[in-house]
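Next come two complexes built around chain A: one with chain B, the other with chain C.
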Partner chain A sequence: MNEPVIRVQNLKKFFPITKGFLVKKKVGDVKAVDDVSFEVYKKETFALVGESGCGKTTTARTMLRLIDPTDGKIEIFGKDISHLNREKLLPFRRKMQIVFQNPIGSLNPRMTIGQILIEPLLFHKIVDTKQEAYDKAIELLRMVGLKPYHMDRYPHQFSGGQKQRIAIARALSVDPEIIFLDEPTSALDVSVQAQIINLFMKFQDELNLTYIFISHDLSLVRFISDKVAVMYLGRIVEIGDVDEIFENPIHPYTKALLSASPIPDPKIEKQRKRIILTGSVPSPIARPSGCFFHPRCPFKTEKCEKEYPNMYKVSENHQVSCYLVEKEGV
Partner chain B sequence: MEPILSVKNLSTWFYMEEGVVKAVNDVNLELHENEVVGIVGETGSGKSVTVRSIMRLIHKPGKIVSGKVIYRGRGKEEDILSLPEDEMTSIRGKEISMVFQDPLTSLNPLYTIGDQLTETIIQHQDVDRKTAWEIGIEMLKKVQIPEAEKRMMSYPFEFSGGMRQRAVIAIALSCNPKVLIADEPTTALDVTIQAQILDLMKELQKEFKTGMLFITHDLGVIASMADKIIVMYGSRQMEVASAEDIFYRPLHPYTHMLLRAIPRLDKKQDKLEAIPGQPPRMIEVPNVCPFAPRCPRRLDKCTKELPELVEIEPEHFVRCFNPVLETKNSEAIPNE
Partner chain C sequence: MNTELKRTLRKLFKNPSAILGFSLLTFFIIVAIFAPLISPPINPMFPDENGNPMKLDNPYIMPILSWSSDPVPPSKDHPFGMIAGRDILYGVVWGTRTAFKIGLIVVTASTFFGIIIGSIAGYFGGWVDEVLMRITDVFLSIPFLLAAMVLTTILGSGLDKVMIAMIIFGWMATARLIRANILQVKEEQFVLAAKALGIKNYIIILRHILPNTIFPVLVQATMRLGSLVITAAALSFLGLGAPIGYADWGSMLNYTRNYILGASGQALAYWYTVFYPGIAMVLFVLAWNLVGDALRDVFDPKLK
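Take a look at the complex of A and B:
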């Protein structure tokens, strides 16, 4: 097998909680990402899923070095970037782009679409002259299904779906190899979502892109990704091949998530048995002892309250951190 | 049986500087006791404005320009839209109540949950504060909030998102309304919490035999909730039918395409069939089919006049000149 494009090892990101006004004292940590490891291969779509506050976005931002990791390694093309300085990070920044959830917030309202697309081209010295940059920007607009005359317009003149197309064009402008997609369609209507998702699939095919896809929409994750990591309170609880996990989930949390996601089919909906979890996600400041999921878990044992379970290998492409595996002897 | 609520030819327009936004045009619907009618549609399709018009919650520059909302819950036929405002306050919350999308904005942050519950109860029922407080506790228990007695004293910020929505549902149901309007009640919640709330709403709806108008953009959610579905697009009803018909025999090209554009959790799909184009702009819309610019089955006629909402099959209404009649049952849902 070829080398992974991304290798994340024991990644941690803690945000300190301070107390006091003049003299600040650290009183604890929000453990947003706690010991997360995974590998992503070329042309793969790797999905991070979980509910709000599970650490999926923090993981992605730390990998991009938009925030600095507390501990652990982030290897991109075999090089650890977790401690590189700004200057040395630049070539990696070019290789790793991100498309955010909210296209209104990620496009500068005072810049025309042309300026938005030309700036990164010149900054990263992808092209030498302004004319070349202009030509390339028009080419990018065509790629995402917009027209050359859109170059002189401002973001507010576009609909949500079109804005997201512009954000994609900007991400593609610097010839990246990895694109992070942070809930890229959750602000869009269903009929437009499919257009954007198809666009992502097309570019992955044509440009050999690797995607890190962050989403809470499991139906979408099933459609777009190859591998998936389910996160709960900063840790990965189940990871592996998408189809295998969706058809044979082992962790009770994954099971609950899947059974809670509605299916657009009234007959199936009426027959489905839901695992309704009680309560809500505990605070990441005071996480439960043992397995973090045990207070909500319908299958908990005594052991679950004491010790956090290790990752067990269920099959070649499926790992899970739950004692149930031991019991079922999978 | 007579429906408890009938909306007839409702139109609500907003008079903006840029022009008139015709947010809701000529909407008709009927809601029976113990029935759940779902309204699905995308942003700007007019689903929220429709229900806000029913509750008369439309403010300037908006105006209900025509239509009737007949309510039959008080032993007689009343047109809600022509009642005086003080009469209306005895209907809101008592006869018809509403649950909104964001529980944080529908609860007052300065009052305890108990205060807000009892306020509604005292307003509409002839009870003293002590009894109201007890009814409040009962309601919190009904929506499965643990330690209800203690939780009456909590402020909204002390509740999690799911708990807040439970409290809002408790307030909405505290006077045993005959109609409950839920406007995207779970959109702000995580999936596991959404499942809890939907479950609870279904249970309570059956228990109280409430007629429920359920609004959402999520076709998965509506599949689990509704008996009857109204599909809205560009301020008009495009298709009205039973939930089964909408999902297994969609006749309007929009519904048909929409169902193929959503990814499914239970199936491996190769492709999503996107609907080309953008949702319609709302200002100065010509009086033709709003979906025509994006429709692959468009006829010349479609860009010239507006099709009527006709009953093509029994209890199946479609607004289209060229409906997808040849669909076989097996075709309606993308196969594996």
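Take a look at the complex of A and C:
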């Protein structure tokens, strides 16, 4: 098998909680990302799913080194970038880009679209002259389905979908190989979502892109991703091929998540049994003992309250961190 | 871009308060520039050998035209009247220059310090922020007039000393404003996107953060320009500012202290002593406030 483009090993990101005036005392940690490991191969779409606050976005931002990791390794094309300084990181910045959730906030309101697209081109010396940068920017606009005359407009003159297209054009400007999609469609309405998703799929095909896809929308995840990792309170609870996870979920949390996503057929939808979770996500500051999910889990045992379950291999491409595996004898 | 500018200007000049602000400001600028023509800096009391009136060494020191210090009502020679032997028109006209001088220097300097301190605190955060903001709090906790009085006692009185005092105790609002703006903008996704592109820190500050934070500060600075003149006048009125006889609106009011209440039975007997310097001040502040308002509209990219 070929080498993975991304290998994340035991990645941790803790945000310290401090108290005190001038002299700060650490009183605890928000364990946003705790011991996360996974691999992503070329041209794959790797999805991270989970409730709000489970650490999906922090994982992505830490991998991009927008936030410094507390511990662990982030290998990109075989090189650990978790402690590189700004200069040494530059070549990797070109390889990894991000498209954010909120298209309004992701474009500088005081720069024209032209300026927004030309800045990275000149900064990374992808082109030599301003004229070439201008031409390349127009080409990028065409790629995402906008017109050359949009170059001199300001972000507020565009609709949400158009802004997202511009953000995609900016991400593509440095010829990246990996793009992080941080809920790129959740702020758009459904018809526009489909257009944007089609755009992503087109570029993945044409430019051999690898995607890290963060989403709440499970039917979308199933549609576009190859692998999926389900996160809960900073940890991956189930990971594997998308079909495996959707057909044969083992972790009760995954099951609950999947059952929460509606099926667009009223007949099936009516007959379907739903798993309703009670309670809410515990605080990431004071997590429950043992398995973090046990207070909400309908299948919890004594063991679950004491010890956090290891990752069990269900099959070649399916791992889960739950004691149910043993019971079911997989 | 040029059409943008034209559209902005057209929009601006459809707004009556903006027009009023800019015309008042233009009027004051013209008065300041042509002060030597409106009120020639000469003293007719002392002719030189050729019989021409003596030229003043320092035009900002108002010439003494009469030995009586009582107010003289407006007349043909002195359309604004006289007080303490000095022509009020002369004081108001040359005082315009003083007002601009005080306003521009103090605002530029204090805004500059405010921006530096505020942006360092905001961008770097952590203990740097903590230390700088506590210093700001200390400065804010001292009542301004008291601080200015203590400083002028130490430094000696004079217009430049008052300006130093106003700079030292005038940067805090700007620092807080820019810090708050930077705290807000630095978490914006376009800043993260620039970071993800590997753009250098100082370019991020200059191109992405400052353009989105500086305009409120500029608007605030414009509005402060007017009110600072009042503060300077207050200090001059208290005798801390400009030296005796200096062409300064505040000092002019200082002369009127004994006449503000009018003569017995005639409360408005000396109205001209207060009215002309006072109205100059009011209009000056009004001009800058209206201009500040207009600039706020211009700087907002969403209104373009």
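Everything below uses one rule, namely that the second predicted complex is superposed on the first by the 330 of 330 C-alpha atoms of A that agree within 3 Å, B and C clash if a C-alpha of one lies under 4 Å from a C-alpha of the other, contacts with A are read in each partner's own complex, and residues count from 1 in each chain.
Basically, a residue touches a chain if its C-beta (ideal position, glycine included) is under 8 Å from a C-beta of that chain, and two chains touch if they have at least 3 such contacts.
For clarity, every value in this text was computed on a predicted model and none was experimentally measured.
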Superposition on chain A - do chain B and chain C clash or fit: fit
Touching partner for A:205 - first (chain B), second (chain C), both, neither: neither
Which superposed partner A:120 touches (first chain B, second chain C, both, neither): second
First, second, both or neither for A:64, with chain B first and chain C second: second
In the superposition, chain B vs chain C on chain A residues touched: B
Where the C-alpha centre of chain A sits as vertex, the angle toward chain B and chain C in the overlay (nearest 10 degrees): 80
First, second, both or neither for A:274, with chain B first and chain C second: first
Partner chain(s) touched by A:98 [first = chain B, second = chain C, both, neither]: second
Chain B versus chain C as contact partner of A:218, first or second or both or neither: first
After fitting on chain A: smallest Cα gap, chain B-chain C, Å: 12
Chain A residues contacted in one complex by chain B, in the other by chain C: none
Touching residues on chain B, where the partner in the complex is chain A: 42-43, 160-163, 190-196, 198-199, 217-224, 243-244, 247, 257-259, 261-266, 268-269, 271-276, 278-279, 294, 333
Of all residues in chain C, those that touch chain A in their complex: 1, 127, 130, 134, 188-190, 192-200, 203, 207-208, 211-212, 301-302, 304
Residue ranges of chain A in contact with chain B within the complex: 51-52, 159, 161-162, 189-195, 197-198, 216-220, 222-224, 243, 246, 256-270, 274, 276-277, 280-281
Residue ranges of chain A touching chain C (in the complex, touch as defined): 22, 61, 64, 66, 86, 89-90, 93-94, 96-98, 100-102, 105-111, 119-120, 123-124, 152, 154, 156, 167, 170-171, 174
